[in-house]
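The two complexes that follow have subunit A in common; it is paired with subunit B in the first and with subunit C in the second.
Moving on to the complex of A and B:
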């Protein structure tokens, strides 16, 4: 019933899709980190109106389904604004907005958890505000937010599968396409699930290790 | 511009029906996830070393596969494996969401149970309770309150993930929106309405769950 040759043959066919999935993850994550830091700083240190806007922005991306966000960008943005981006760029943009919103919450909490005395000490030593933030506060905050950031990376790696619904030829897309070609549904989809498993499992274990290593001891 | 939204207005009965499916899908899958998660969490903490490692592996496997992939596998693959015909999409959606969220909830339950001091269990056993009684009456009620914040996050996540059931043709809200978009080619009013709806619904639910937690938080203090 389970036709093993079809199962093994599926992997080479999925490879180009895997490349797109990895590309998307590697491209989105650094952009999201930068945007997230900017959002967290805006919410912590910017004047009230700007901080409010940043909060609203983050809340919006956190409180709506990612698939809907991607569809909105993909279908509504071109028809209403005339901006026509390639599919890959559209979903990458959507993923950056979504992931950075979640990351910024984490950054905000991490930066907020470093006692204000640390910043004062930096300033007392003659550092500027920027120096005190990047040399004193941020390095300490980073070790607190790192495990959560690493799990967000794994989360993003899995979430990229949603782009398959918008004709971006990622791992999931290739599998669904192959399924309609050879009708070996069970074998192809099992190969798909196994591909994600083999790639994400070690990453998830690495995250667990980071959590143990960087546990905050009060 | 507002004329565009008459499409939504005219199709309210369809959307209402779809909303009902979304609610049913979420209630059923969250109930399944809580059941599975509680059983697996208890199994990990009290089931001995082998059960702990076995369940731990299953949880890690489920958590490593995207929910979309689990969903299409359950809907298209599982019936072939079991030789079932006419597998209902709704059931597949409930199973996929329930198992996926259940794996995350199991870890929350495990953390919650582990956070209750061992003395509580000892005291219950010393009073003559059986282990199941001690878990059910003494340890779990204390753990539940501490589990609430991450559980609430997970419930909200389940609601957001439930739109993925549209990909296996469960006739929920997002499926209905895609249907309307296909018929009218007017994405703006349809997807914008849905976006606003989800935003309001999810923020409301998240706030309500938070408030519930604040109300009972003091009882779970360590």
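Moving on to the complex of A and C:
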């Protein structure tokens, strides 16, 4: 029997958690984009040893489960390295590492798909390598990786729910806390699901729109 | 600049190969280039182009013509030899290389327009990003050069909305907007439909008439014959023979040159060595 009042009452209780989830996403994604670009560039253009290190780093974060990474950072890193960060910073760091690893693969493929003649055309005009990259190659690569990046964004928004297991009071954490108070598992979790859906769907649509706008016809 | 007073206004016929009173604008000396794959693309190539000259480089595919052009503006490093542009060594790095490149316009076989920018933005890109001209000057200059290639009305079109010939003309305008001292054309018409080749050749011919120094790699023999001041025939990374077009096309010294010319002039498509099996 679905108890509607419990369902509706859940939303105000979820609100603070929602804020944390949004904060986490909004903070992690830009950082991950920058780190991903740096990793992709290192793998494509850096001297071999550096490129190898970047590759190793990416493979490590791609090939281990996110939950394990977060646990390790949260429980093992403080005791083994003495680095003690607040819970929020710890999970944010873990998410940046994980998401940027996936994004960098995507970026690398995108950048690699722009033919060398484009770079040459920029250089032939007298551009520096940096200008040729940011004015010519990257805008085109970005258009190609946009859809994948957009779906990563939505993915990240949902994956932040894992941090609830580490006492970071995000949306899921609040829902699980509320459930232990009122035992309305069905209503609370349905409210939780709806919250994610309502928030993620427009984001996905927005990303689609961005993609259509920036698409490069060739 | 120096000693220009005692040189009369030269008429076209005797403008050729002045007797060393002025160094060539583009001077290529004994250049070697080997690709990382091991292919030796250039094996001791020397040639020069004086201010205002049109030098056409012809020869079978894979003879190193395009590689040579890329070496001239430093897109491809050279292993040995020397390339000088306006008396300065090409092949420097960083700022120095850029300084030289901005004086040399380059037109590519596959246009290489920036697909994410309109025709106008493509032409504006150099003056804006490299020369850092003020905004209104950039726009005025870009429109001027688009008009020069006859595409003033296509300013807002994206490359994908233009025909091949139009794209190549935008690419020429893009290079000209940097107001270069010389232009390099790397098989500028080879990727075009036959019906749009003419419009691009016309623009090139007009440039030649205006006195632009041009190094033109081409399979368009009619163009080389009528527009070039000097024709260089290359094969297997070497200069086979060079001279004024009249002599090269009518009385080439080497049998191999005559064979090559015979082959291209009797093949409708601009791909002379298509068969590939014509040599033992």
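The rule we apply is simple: the second predicted complex is superposed on the first by the 204 of 218 C-alpha atoms of A that agree within 3 Å, B and C clash if a C-alpha of one lies under 4 Å from a C-alpha of the other, contacts with A are read in each partner's own complex, and residues count from 1 in each chain.
Rule of thumb we're sticking to: a contact is a pair of C-beta atoms (placed from the backbone, for glycine too) under 8 Å apart; a residue touches a chain by one contact, two chains touch by 3 or more.
These numbers come from a predicted model, not from an experiment.
Chemist: With both complexes overlaid on chain A, does A:165 touch subunit B (first), subunit C (second), both or neither?
Modeler: first
Chemist: Looking at the overlay, does A:131 come into contact with subunit B only (first), subunit C only (second), both, or neither?
Modeler: second
Chemist: Of the two partner chains, subunit B (first) and subunit C (second), which one does A:35 touch, if any: first, second, both, or neither?
Modeler: Once the two structures are laid over each other on A, A:35 reaches no partner at all.
Chemist: For A:121, using the defined touch cut-off, is the partner it touches subunit B, subunit C, both, or neither? Pick first, second, both or neither.
Modeler: second
Chemist: Please work out whether A:139 is in contact with subunit B alone, subunit C alone, both, or neither, and reply first, second, both or neither.
Modeler: Only subunit C is touched by A:139; subunit B is not.
Chemist: Of the two partner chains, subunit B (first) and subunit C (second), which one does A:79 touch, if any: first, second, both, or neither?
Modeler: The first partner, subunit B, only.
Chemist: A:60 in the overlay: touching subunit B, subunit C, both, or neither? Say first, second, both or neither.
Modeler: Only subunit B; A:60 stays clear of subunit C.
Chemist: Using the touch definition from the top, list the residues of subunit A that touch subunit B in their complex.
Modeler: 1-2, 59-60, 63-69, 71-72, 75-76, 79-80, 158-159, 161-162, 164-165, 172, 176, 179, 185-186, 189-190, 192-193, 196-197, 200-201, 204-205
Chemist: Within their complex, state which residues of subunit A touch subunit C.
Modeler: Contacts found on subunit A: 117-118, 120-128, 131, 135-136, 139-140, 143, 216-218.
Chemist: Help me check something: in the complex, which residues belonging to subunit C touch subunit A?
Modeler: Listed in rising order, the residues are 70, 73, 75, 94, 98-99, 101-102, 104-106, 108, 110, 112-116, 125-126, 129-131, 158-161, 174-175, 178.
Chemist: Please give the residue numbers of subunit B that touch subunit A in the complex, ascending.
Modeler: Spelled out, the residues of subunit B in touch with subunit A are 60-61, 63-70, 72-73, 76-77, 80-81, 83, 156, 160-164, 166-167, 174, 178, 181, 187-188, 191-192, 194-195, 198-199, 202-203, 206.
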